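Just below is one structure, and these are the notes that go with it.
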Amino acid sequence: MSDVVIHPVTVRYMEIDAQGVVFNGWYLTWFDEAMATFFTARGAPYHAMIEAGYDVQLVHSEIDWKAGVRWQDAIEVAVSTARVGRTSFALDFEVRRDGAEVTCAGRTVYVVIATDGSGKRPIPPLIAEALGEPAPLH
Amino acid sequence: MSDVVIHPVTVRYMEIDAQGVVFNGWYLTWFDEAMATFFTARGAPYHAMIEAGYDVQLVHSEIDWKAGVRWQDAIEVAVSTARVGRTSFALDFEVRRDGAEVTCAGRTVYVVIATDGSGKRPIPPLIAEALGEPAPLH
Amino acid sequence: MSDVVIHPVTVRYMEIDAQGVVFNGWYLTWFDEAMATFFTARGAPYHAMIEAGYDVQLVHSEIDWKAGVRWQDAIEVAVSTARVGRTSFALDFEVRRDGAEVTCAGRTVYVVIATDGSGKRPIPPLIAEALGEPAPLH
Amino acid sequence: MSDVVIHPVTVRYMEIDAQGVVFNGWYLTWFDEAMATFFTARGAPYHAMIEAGYDVQLVHSEIDWKAGVRWQDAIEVAVSTARVGRTSFALDFEVRRDGAEVTCAGRTVYVVIATDGSGKRPIPPLIAEALGEPAPLH
């Protein structure tokens, strides 16, 4: 349950900017896709959350870039639970090149909200079980 | 009513790809924004369409690129009505650099649909008046 | 040599717009990625073209949308050679859902240019062999 | 010199995701454009940096989202110098709606590098003067 989930990324040519590396804005997009992969792998796919009446909303992100990533680099994003609170939780992300070098490390915090617009909700069992025990990457 | 509408574009650094010019995929985004400016300028802003129960859906596009566009080039998109049918209409777009050189020419075709999901609709007066007499750019 | 090449696409959540379907601008991005997959599958990966002194430039695109695509739909892009000229060639694309329904059909035209900035070039054997005999999809 | 620089943003329809608000990944794009506006307003436009042999590289970002932003909301990004170090500096960003409500607050850290690929550089006078005295927004 607490294993790191790996989300493979194919770098798009259009994500490369004039400096020859992936533009920084795309990392949050990669993390968003990696989060979906994470919850699906942990048994709580997004549609199941929505059907159960819950959605998640990004409220905070922190990213450290250590190296640029180029087109056709072999990239994957590792995802792990960093923290579980009452109505919020945090995920850790590592962008890894060639299965080893960490080129970028990120942490994002989400709050659980009701899909009916009524605001924050305590983390329901479906999401709590998917998150499992925290195992921060950094 | 049949004047060309001008939509200014600020080229984003991240729209530049590894070839040093705006990646082709962004042109449809620019045309989409230019369409919104066009309908607002012609008295049919998008929210008014939606409130009246109508939406528009892209069904066809054709684009010709003549030159690449670079970061901080002075760019605008000219928009004009190309054709008005019963349930569909076409708009013409020109990407102009320095108010003169046409670097890209596009035409897009939209159908009018009902917002209640019931499908195509004849073009309502709100949209027909905004389109005015066709004045194709190419 | 003339088989259709299949490029799988994972629809990104952020590609979905307020209408609940993939925003039209992303299709050219998908086609760009599918083109890279096509040339790699046909033995002419992009880096080999560049090393040989050739690059390709998009000069024309035509797209027909038949249906919207939603998040987590099973999508692939089929690519085939549509036409081979002296300095230009065309590729056909089909966006297919569940391996069957064609939701979108596109054709793009590219010119071959020299990487040294000296302009158009006749299609070199590397690219001609990758393109093979034209087999238009539409 | 230490005044906040205001960068206006036109929310693009395609930046809205299926939740009806701007997708989180676009904020780093907005900050990137706002940074360019900031340095231009402070007398160090990007091309002048490049011509002087300097470039800047994002190494860290932190973002707090307080409210979602919708299409056609009146949005601007305020930029101010947060910190000036020896080879790095930080900028503060606030996304403001209707000139008042802060919907999102961000801080990004950049290092100054040489354009010749030789790595980090002490902040040159051109950039130091543009940054001025730190005046953090948060």
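Labels for the chains are A, B, C and D, by order of writing; each one numbers its residues from 1.
Criterion: a residue touches a chain if its C-beta (ideal position, glycine included) is under 8 Å from a C-beta of that chain, and two chains touch if they have at least 3 such contacts.
These figures come from a predicted structure and were not determined experimentally.
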| item | value |
| --- | --- |
| Most distant chain from chain B, judged by the mean position of its C-alpha atoms | A |
| Same vs different contact residues, chain A with chain D, by half of numbers used | same |
| Distance from the mean Cα position of chain D to that of chain A, given in whole angstrom | 24 |
| Intercentroid distance (Cα basis), chain D paired with chain B, Å | 29 |
| Whole-Å separation of chain centres (CA-atom averages), chain C against chain D | 35 |
| Contacts with 2+ other chains: residues of chain B | 13-14, 23, 25, 29, 32 |
| Chain D residues within the chain C interface of the complex | 13-14, 16-18, 20, 23, 25, 71 |
| Footprint of chain D on chain B - complex, ascending | 10, 12-14, 29, 32-33, 36, 46-47, 72 |
| Chain B to chain C touching residues, read off their complex | 19, 23-29, 32, 55, 57-66 |
